[in-house]
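Input: structures, listed below.
Shared chain: chain A. Partners: chain B in the first complex, chain C in the second.
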Partner chain A sequence: MELRVSKAKVSEYPAWLIFHTVAVFAFLYLPIAVLILYSFNGEGVGGFPPHHLTLDWYRTLFADGPIWDAVLNSLYVALAAVAIALGFGVPAALALERAQFPGKTIFRRLVLLPLILPGIITGLSLLMLFNILGVKLSLLTIVLGHGTALISVATTEVFAGLQKLDRAQEEASLDLGANYWQTFWRVTVPNLKLPIIGAALLIFTLSMDEIAVSFFLIGRDNTLPLEIWGRLRRGITPEINAVSTIIFLFSLVAIVFWYRLRVRGEAGAEAGAEIVTALEGDLA
Partner chain B sequence: MSTDVSIARSDVSVSTQRFPLLSIRNVAKRFGKNVVLRDISLDVAEGEFLTILGESGSGKTTLLRIIAGFESAGSGEVWMAEERLDQLPPYRRRVNTVFQHYALFPHLTVEENVAYGLRVAKRPEAEISARVGEALEKVKMSAHAKAKPAKISGGQQQRVALARALVNRPQLLLLDEPLSALDANLRRQMQVELKSLQREVGISFIFVTHDQEEAMVMSDRIALLRSGELEQVATPREIYGRPATAYVAQFIGHTNLLKGEVRDGMARCGLLQWPVAAPDGIAQFSLRPENLRLATEKSTSPDSVRVRGRVVQQAFHGATELIRVECAGGLMLTVRIPASRSGVTGEIALEFSPEDAIPVRESPERI
Partner chain C sequence: MFSRAYKAAVTLPPLVWVAAFLLTPYLLMFSYSFWSVSPAQTIVHSWSLGNYSELARVDVYWQTLLRSMWIAARVTIFSLLLGYPLAYFLSFYGGKKKDLLYQLVIIPLWVSYLVRAYAWKTILGSDGVLNTLLQYVHATKHPLEFLLYSPFAVVLTLTHIYTPFAFLPIYAALEHIPRNLVEASHDLGASPGQTFWKIIFPLSIPGVIAGATFAFVLSLGDFLAPLLLGGPSGIMISNIVVSLFGAAYNWPLGAAISFCMLLLVVSLLFFSERLEKKWSYA
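Presenting the complex of A and B:
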């Protein structure tokens, strides 16, 4: 039934349009599909079409110590980045939505600037800063880099959530005897639960993928993307395909989860979503 | 203005009260260049149901928000009993509000919504559950105690909002157009319920509305606000029967506004004239449609004013009908008469008693 309906609809469009659509999607997703496929290929990276499907590469991967160190490093960095970005981003969003202060427009631009700035610039400038300050590069510098670069994501998401929040609710809380602090924790934060969780997921995912900023701030310990990049210089191994496949699935799950939260929290915040989509492209 | 309505009530002892419960003194407010309230002074007695009536943009919501503490008065003071109210933050005022769209907390259940004020005040749990139960009982919402606000109807949300405010036993309850989101039938029902609830709890209500009928039905007194200034504060009967200004006369119910002049103790308006105790000069009179009668040869009393005219329009309203009559000299009068089977058409004679033509002040145009 449904199939027939959609077929009828499709046939209304000219053939070139369908071809164009298919081509675009192929361009976007075929490489990923190939990567996933070759992670199961018995002959490694050579040979087409792949045969001897095998899980050997995953077995190798799970026995590979340095990769798992890198995964742990990345998790540590991502979690710390979430904490920093939310810690600064939520108050920034509140200030932007609520407070009137001189220079607010400039403040808004400045907070959102890291969304637009290429990672190379953020990374390079932070590197120079740490150099001047004499801070030794380590995972901590990466954490600071990711944290600051992603504050804007937290701000954008939470700001969008705040705009949807009915101010009368906060007034009702004050009216019922709760002071401003109690109102914030009892009414504002519970109502911002979805944007905050969404922002956290997104920041986590973006930090896990991040390579440009990390590249400049890396110390002795590698994050996962840098570990992969390092290994690629010695040639592609199917093990890399395997780890990429896992990362891909992981990101996919996180993004789907985030998107569903978004939909449940009802439409809204399109602007935030657009910026974030652009950002994803930038960091990928 | 008089507070005789509340004094007359047996359940509230206002007579011994030296201070009004709430006293608004010379309050003014402007947003930028826009003057929203000018020099408002108004007292509310304990146990009184006062309605602030006005069109949108008249400043009635702003006045309410000043009392609640969400806006600060530009100048003037608000006192509650002997306490200066306008310098306290909203959470320190013994005032609660029922918001226009209820503003229930969507993440809390009905019960938790009602308990909010008591929880914040750190009352013992046993007391909280007892008072919440009682409040929900009072508004007939006990069955929905565990529901989230999104799952109940508008009328039910309204009751919950009411319970959430009343459970804190405020000295004064503010209601910001709480019935405006309900459909007509439910609205009429809630008007009656609200009024009897107010009698029962004996708390002063300040009720904001733009609906004059609602104001008439529910209030002990009506304060009619226009462009940020009080036009008249009086009981519904008084404000209807003796409107102070042309604006009041037109805003509350229908009226015929007769523009003319007074000379030597006689009011003249076109071909009409009648004796009046007013100083000479330009004058306006409000003549309610129901104070005009169809004149017959017999019914004519010696001092009633008579005018002939032709029916140009009629509107049937069930018990009564409103007819538009074009009188000699081009004067148009609206007349409310008891509905008859066939209606009234053609040439007719009308009459009214001179004392029913109420002199009203001109309401100056304001921006």
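Presenting the complex of A and C:
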């Protein structure tokens, strides 16, 4: 029955729908295709058809010190942001699920705000704070900005995981004499492995890509997006395409890795939708 | 089962951190919006509504805000027009390839926002890919100048960036529609069009509201796409804030505009939440 119905339906959709679908995919992938193609173009970032296919831009890129410094800075910022966001986001999820405290509603809303709020607002308000405290802008201020703004990603993911968690395991652990600390590390965290890894990957990616908050908190050292931003204003070469292509390939590897992990965890179909969980911020 | 100590241990650190690095900065921004700048370029910590009355008085501020909202509205409409049918096709006719197609919608999200905006710049420029292609096939003699440095370029780029954000909640809503409702509608003699408009679409409205909110709110405060692709006619409200915090050096006025944006976004979120609840059947 099920099979027959779904087979009958496949022939039912109007022709324009498949057209539309193909067109939207083309629209989504056109810039990415152009980006990758022109990273091999000897003649610069524009111009049709591409001429003199070459690997020169990749050679330039690998010899380009400032870009790699920026990559290292971004990696440092992203890792530190993951640490802060998990360090505060995971307890926040536990608190929201298990404790009552004054200001809980405000706290819940506040944590979620930076992800949906224009980055400029979070960036500028932190800039004012650091300015008043006399803190010099540096990578550290960016770390604080990213870490704080991305707490919500960890909190929403882990909160969703907690709601599916069977508390009996933790209860058993406590009954059998383990203390809260041991129970947390040996029962709670292993059960939340997938949401925590998912959150970490997303926080890492969002931080690597973040520019609106960093824009206002930057000191002397650039993150990669800010380095790229600076170069875009000076005139553009396919070197930018080359570095973007390489980062895209790394992202693809991360997606495949994450997808496999989720499928094994039997949560396959929703892999990648963490961003929506975080944006919708269902913490009640 | 959780002791007071446990609850305190998981509550206090995030509470203190969020109070220090989110609440305090937002409150500070609010305070700043009542302060002013002296002729000697120092911040005067006396309280007045001067900045807000300036915002109401000077045309360029609220006109730019309106333009930003109009750009965001267009981005929202186009993202929904692109995202909804895509979600519908994947959810109902995706078949075995559903998961793969779904991942294909997500993957562009992993490409840096800045890089995608930059890619559109290389496509739309006067000696960019599109214009040289058009000349190559003799469709045009001269480059089309309106493509880049225009609101069009900003709307196109932001639509590209936020279509997946509109798609995702719509897809989730469609996936949650019980398929037997659809079958029942067919069995009872409804045409595919009737089934769509009377069953599927109403049940997907919460997803549409969520998707529209994401697209609108996320594009409203953007300042990088306008800087990169907008030209003078594509300036958005955040660009004014950026200049007030930079060369124009008037942090208090910039803070007042930011706070208005914050209010606007928070009230939009509030409304869309109410609306979503109203339309949800669960």
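Basically, the second predicted complex is superposed on the first by the 243 of 284 C-alpha atoms of A that agree within 3 Å, B and C clash if a C-alpha of one lies under 4 Å from a C-alpha of the other, contacts with A are read in each partner's own complex, and residues count from 1 in each chain.
In the analysis below, contacts are C-beta pairs under 8 Å (C-beta built on N, C-alpha and C of every residue); 3 or more make two chains touch, one makes a residue touch a chain.
These numbers were taken from a predicted model, which means no experiment stands behind them.
Taken together through their common chain A, the two structures put chain B and chain C side by side without a clash.
Of the two partner chains, chain C is the only one that A:Ile132 touches; chain B does not reach it. Seen from the CA centre of chain A, chain B and chain C lie at an angle of 100° in the overlaid model, rounded to the nearest 10. When the two structures are aligned on the shared chain, A:Asn191 is found in touch with chain B, with no touch to chain C.
Look at A:Asp166: by the touch rule set out above, it reaches chain B but stays clear of chain C. Number of chain A residues touched is higher for C, counting chain B against chain C. In the superposition on chain A, A:Glu239 makes contact with neither chain B nor chain C. By the touch criterion defined above, A:Leu176 reaches chain B but does not reach chain C. Residue contacts after overlaying the shared chain place A:Asp221 against neither chain B nor chain C.
After overlaying the two complexes on the shared chain, residue contacts for A:Glu157 are found with neither chain B nor chain C.
With chain A used as the common frame, chain B approaches chain C to a shortest CA-CA distance of 6 Å.
Residues common to the contacts of chain A with chain B and with chain C across the two structures: 171, 174. Considering their complex, residues 68-70, 89-91, 95-97, 99-101, 103-107, 116-117, 120-121, 164-165, 168 of chain B touch chain A. Those residues of chain A whose C-beta lies close enough to touch chain B in the complex are 166, 168-169, 171-179, 182, 186-187, 190-191, 193. For chain A in complex with chain C, the touching residues are 5-6, 9-10, 12-13, 17-18, 20-21, 24-25, 27-32, 34-35, 38, 45-49, 87-89, 91-92, 94-95, 98-99, 101, 103, 107, 110-111, 113-114, 116-122, 124-129, 132, 144, 148, 151, 167, 170-171, 174, 180, 205, 208-209, 211-212, 215-216, 225, 228-229, 232, 236, 240-241, 244, 247-248, 251-252, 254-255, 259, 268-269, 271-273, 275-276, 279-280. Of all the residues in chain C, the ones that touch chain A in their complex are 1-3, 5-7, 9-11, 13-15, 17-18, 21-26, 28-29, 32, 82-83, 85-86, 88-90, 92-93, 95, 98-99, 102-116, 118-123, 125, 127-129, 131-133, 136, 160, 163-165, 168-169, 172, 175, 183, 192, 210, 214, 217-218, 220-224, 228, 238, 241-242, 245, 251, 254-255, 258, 261-262, 265-266, 269.
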